[in-house]
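What follows is a set of structures for review.
Two complexes are shown next, each including chain A; its partner changes from chain B in the first to chain C in the second.
Entry: the complex of A and B
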């Protein structure tokens, strides 16, 4: 039985500035046939430790400790020796299959190349045949033909399958998967995780699965190792750790997951943000954020690093506390205005039959001959005061386009956007300017959504100046107030975006949207690029602002658990169309559309069942330029009939407030 | 000077990261830590000071660039005096003009013309590039067409034609008006051939910036197009602007010298190119005459280029190690 032993591994970067201790004294042992999940937030050293196993660290990295593969030492071994192990004994799958594949070589050539590196006497043809077999094994249909395809002819999920095929072609005993599903849609993620799990059983593979997503770990890992600030803070069998965490960080992280919280409740967020690896706190690195610091006498958390100790066989944790106190219960916001489902309840923003066509570039010379793609097709939704509607769907389903149409960053092809008695869709940009005050947007990326050349003060003050909301002299004070409202220190107003953490930057973006006192905020994936512990803070802030100012949110997200926690209404989009819409309890509790069901089943939830016990949707969303006839979901639908190919199902009401576009809606059935 | 295609701007590659991620102090530290950059910076600073204080320097030595000293020249036109305290670089054959004064004023005019031309080129390139990149559509098509047009025109031929037209139309050679027109025409010529590279670069940069979320945010707020262009986009174009100056100026210095040497540049001012042209027949009899401006040109252009390269590396965090 093969064993991978990592013993007291440390990785330090010494550049011109201060030394960065990316990994400090990490130890673990992995046997073939098991999966170890390594979880942690950005900068905790999880990827750095994985690269060390393959000897792939940067030249500036100083690697100490020991990594033994069946007794062969990797740390400090000659480059040729490590190279011989790479691929044949330990292989790696990276996060982004797009950049990990060579765009100018066929998939087959690349996989065959990986084989021939370790089998130099094999002919090209034989290697290519092996590549086809391997592709077939990882679930690529018509593999013998598709080995001749180039990476751009593969979809994202297929590329990741190809990467896995390439990693496994030399039959390694260990596979290191660094965020293998982060770039993929949730339904495809479920397929890839299942594939990894199958391959593990079939080949006795030992897998190190690195991820930021506790849900992913819970569905496939046998053991879990939680990292914080370069150190292992907790280790144990996955179920045990998730059900009964011993280290406050693990406990707080799990508690802050939206999937575990009550709908509409404030999330028990961890204050602060993950520490910068170049300036780690003294003592226990988690102490500045820990809620239990008062329980440890003598301020030892500030001064002494707790040992990693085993409380029971197979479990380790790093905390001065022997046992954690019971968790406080979450607080439900009551300040939010309750909304009744009565039809008299006028929406603030009413979007009807919104449609957007894009012309395909380069197709046809004559303007009329250009092929057009309908990316948003007849979408209707309503935003109510003090309430949130979630718009969910996979990449390319058109949800971001809907958001941009509503704030008129794009012009709709047809449809109406009714706000305060006017139709925004047909208004000129000049007439729109005063209305823009009421309709703001929060963006996904906290880095690119702020102009790096302006201070926080200028960024938040711009809308105040543009709309002359406060007199010039009052801008300074108003910006300070706004910063306080979103939980920023007003004394930091003159700092530039790069001096803030990503959570703080997102707060600046929120303050900028808030400056004009909007009635409606369109939030496009506002938390998806944030660390889990920071995500909860931002969601809480958005809830608080809603309760305080009665803002209506259009909340666009791919993460269904976030939407369930945050939104009262949900619309599910598939290829430009809304396939199901309704109240949260209806859509999540009694999903009627097979796509909604599949999406919900695919969410790697902490409480989700493991492989085999859940239905995984096959295939990937088709190209919006080639929408199938009839029902657009039929090609992936488990219950499709002949009629689905001929007639496009209309959106009809199946239960009060719940509307579904399906010929065979599952009415009244409970989820799962 | 065969690179008429936007002069030095072609030298920074399109893939380079033109965004300033690094805080300013880091850029300064990277520059000062680089010995080559520090040395070339000092050389450039000396030339700039010479240029600025040219009248003072000449006055201190009691020389002036245009006064002939025929009494210092023999009957065979050879100068009678060598370099001395009165005439540090000696005097010119035939005319007896002071070479030191000529050299000092050469630095002044070379740098003045280059700075003016580079500023004009960068201003044109910035405005057209930003308009093309942000507005797109027909504006973009027209600007792209203009860029292509200017790139296809042969610089030296056009310069010769312009010089001929000036000769034929604007008054007497040597008159104040002629001198003036010649100067303006030269700066405009150099700018007209220098802006294309800058425009292309800025256009590409703006194309990628306009889809950034902070620009979308500004549009959602309701900022006007000019506010977005000048308040949001312009501050993000510092790197192309800084590089435009540091790499554009040396190539314009060379271009100007080339024109003067060919006799189609400024004919009445003591630029280095003009001195090289005047010295050319005397290169065997009086080699120092030729070498003074040539060496100055080589040293200044080299220092400017090295400084520009160092600046580019310092501004690009990906290259810096």
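Entry: the complex of A and C
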């Protein structure tokens, strides 16, 4: 039985500035045939520690301690010796399959190359044949033909399968998977996690699974190691750690997950953000964010680093407290007044039959000859005052296009966007300008959606000036007020975006949207690029603002647990169409469309069942340029019949407020 | 693929047609008396009228252009004094001074210029890529800084000055390089001795044009390779267990080729103008030599012909580069 032993591993970067202790004294042991999940937020050192196992850290990194593979020391070993291990004994799968494959070489060439490095006497043809076999094993159809494809001809999920094939072609004992499913849709993520789990059992593979997503760990890992600020803070069997965390960080992180919270309640968020590895707090690195430091006498949390100790066999945790106080689980702060749901409850924004076609580039010279792709097809939705509607679906389903159409960043092909008695869809840009202040947008990426050359003051103050909300002299004060409202220090108004953390940057984006006192905010994946602990803070902020100002949200997200926690209504999109819509309890509790069911089953929930116990949706979303006849979901649908290929199902009401586009809706059945 | 080639060729031909019209208007039918210009200082009325006749300058513009264009495809006879010079297709006019068809003059210079340009281009790109790769892998270290300084210096100095200086030092003073003009590769005598003379006659041109060109390619490919070394797929390649050399050659440098090809086509016109200096100084009688002397002799048909020929080369170079790019980068769609 192969063993990978990491002992007191430290990785330090010494540059011109201060030394960065990315990993400090990390130890773990992994046997072949088991999966170890390493969880942590950005900058906690999880990826750096993984790269060290293969000696892949860059030249500036100073690696100390010991990494032994079946007794062979890797740290400090000659380069040729480490190279011989890479890809043969220990292989790696990276986060982004889009960029991890060479764009100008065929998939087959790249996999065959990995084989031939360690089998130099093998001919190219034989190696390619091996590559095809391996591709077939990881679930690529017609593998013998597809080895000649280039990466751009593969979908995201197929590319990740190809990466796994490349990693496993030399039959390594250990696989290090660094965020292998983060860039993928939940349905594809479920497939890839199942594949990894299967291969582990089949080949006796030891897997180190690095992720920020506790849900992912809970579905496949045997043991879990929680990292914070470069150190292991908790270790143990996955189930035990998730059910009964011993370190406050683990406990708080789990509690802040939207999947564990009551709908509409404020999340028990951890204050602050993960520390910068170049300026770690003294003592216990978590102490500035820990709710329990008062329980430790003598301020030891500030001064002394707690030891990693075993409270019982197989479990380790790093805390001065021997046991954590019970959580105040019963406290539910309801952020919103429940909507009445009465017919008099007129929506603020009423979108009907929204459609958007894009012309395919280069398909013909004459405008009429161009092939057109319908990206959004007959989408209707309503946003109510002080309420949120969630729009969910896989990549390319058209949800972001809907958002851009509503705020008129794009012009709709047809359909109406009714707001305050007018139709925004047909309004001229000049007429639209005064209305724009009522409709604001929050973007996904807080880094690229703020102009790095403007101060926070300029960013938040510009809409105030443009719409003349306050007199010129009052802008400064109003910006300070807004910054306070979103939880930023008003004294930082003259700082530039790069001087803020990503959570703070998203707060700037929210303050900017809020500046013009909008009635509706379209939020396109507002928390998906944030750390879990920061995500809860931002969601709470959005809830609070909604309760205070009665803002209606159109909330676009791929994370179904976030939507359940945050939104009262949900619409599920598939290939440009809404396939199911209704109240949260109905859609999550009694999903009627097979696609909704599959999406919900794919969510790697902390409480979700493991492989084999859940139905995983096969395939990936088809190309919007080639929509199937009849029901567009039929090719992936487990219950499709002949009629589904011929007749497109209309969106019909199956229960009060719940409408579904399916010939065979599961009416009245409870989820799972 | 074939359709793409056909489409691009048609587009290229259209560009050439526009260039023909433009150069014809500029040099042979412009708003000035061409015959007066070509006739020069010691101009007799007879000579002036002969030149006017050889240019068909008495006729309206469109008829002149028509004659020039038809000459391109079927050839024509051009009267020069009492004799008539036959100018075979593709006819680019006739040099009054040399009493020969411009096409024949250009074809005569083609082997020289082609030898210089191809040799220099190969040297530029290979040396440039090598310099770029060495600099990129030693980023911010002494070797890198040295390469950056030297290439920066090379691009900063005017090329003409360097050519003259090189001629004075290497040919006149030290007599290391040959300055006797072009020695054809295929002539009487053994192939090997011809090869040696051919090489030694071209060596100064290759080294000067090639190495100075390499400076630009070196800086450019350094940037490209530094960028691709940071790509995720390079990390994947290292994780496979490939040696540093294999990672660099098969993965990091591979990504630099398409932009290099693009730059090469942009640089093609510069390469041709570079040969003008080189040929002139080192007495190599190529097309650049021809063009340069036609300026002094006010031989407008030759000047127009060489300009057009240069344009044709650039168009052809772009077409080839397009095809090469599609082969190098599978994401480039030939539509």
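Going forward, the second predicted complex is superposed on the first by the 666 of 672 C-alpha atoms of A that agree within 3 Å, B and C clash if a C-alpha of one lies under 4 Å from a C-alpha of the other, contacts with A are read in each partner's own complex, and residues count from 1 in each chain.
Note that in this section a contact is a pair of C-beta atoms (placed from the backbone, for glycine too) under 8 Å apart; a residue touches a chain by one contact, two chains touch by 3 or more.
Just so it is clear, the structure is predicted and the values come from calculations on it, not from any experiment.
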>> Between chain B and chain C, whom does A:101 touch in the aligned arrangement: first, second, both, or neither?
In response: second
>> On the A-aligned overlay, A:119 touches which partner chain: chain B = first, chain C = second, or both, or neither?
In response: neither
> Which holds for A:85: it touches chain B only (first), chain C only (second), both, or neither?
Replying inline: second
> Which partner does A:480 contact after superposing on A: first (chain B), second (chain C), both, neither?
Replying inline: neither
>> Once chain A of both complexes is superposed, is A:445 in touch with chain B (first), chain C (second), both, or neither?
In response: first
>> Quick check on the superposed pair: does A:203 touch chain B, chain C, both, or neither? Answer first, second, both or neither.
In response: neither
> Given the touch rule stated above, what does A:467 touch, chain B (first), chain C (second), both, or neither?
Replying inline: first
>> Quick one: is A:300 in contact with chain B, with chain C, with both, or with neither? Answer first, second, both or neither.
In response: neither
> Both chain B and chain C contact which residues of chain A?
Replying inline: none
> Which chain A residues qualify as touching chain C in the complex?
Replying inline: 54, 56, 83-88, 91-92, 94, 96, 99-106, 110, 113-114, 117-118, 150, 152, 163, 166, 362
>> Per the contact definition, I'd like the list of chain C residues that touch chain A in the complex.
In response: 231-233, 235-243, 246, 250-251, 254-255, 258, 328-331, 333, 335
> What does chain B use to touch chain A in their complex?
Replying inline: 19-21, 23, 212-214, 216-223, 227, 231-232, 235-236, 238
> Touching chain B in the complex: which residues of chain A?
Replying inline: 404, 407, 409, 432-434, 436-437, 439-441, 443-445, 448-454, 462-463, 466-467, 496, 498, 509, 512, 516
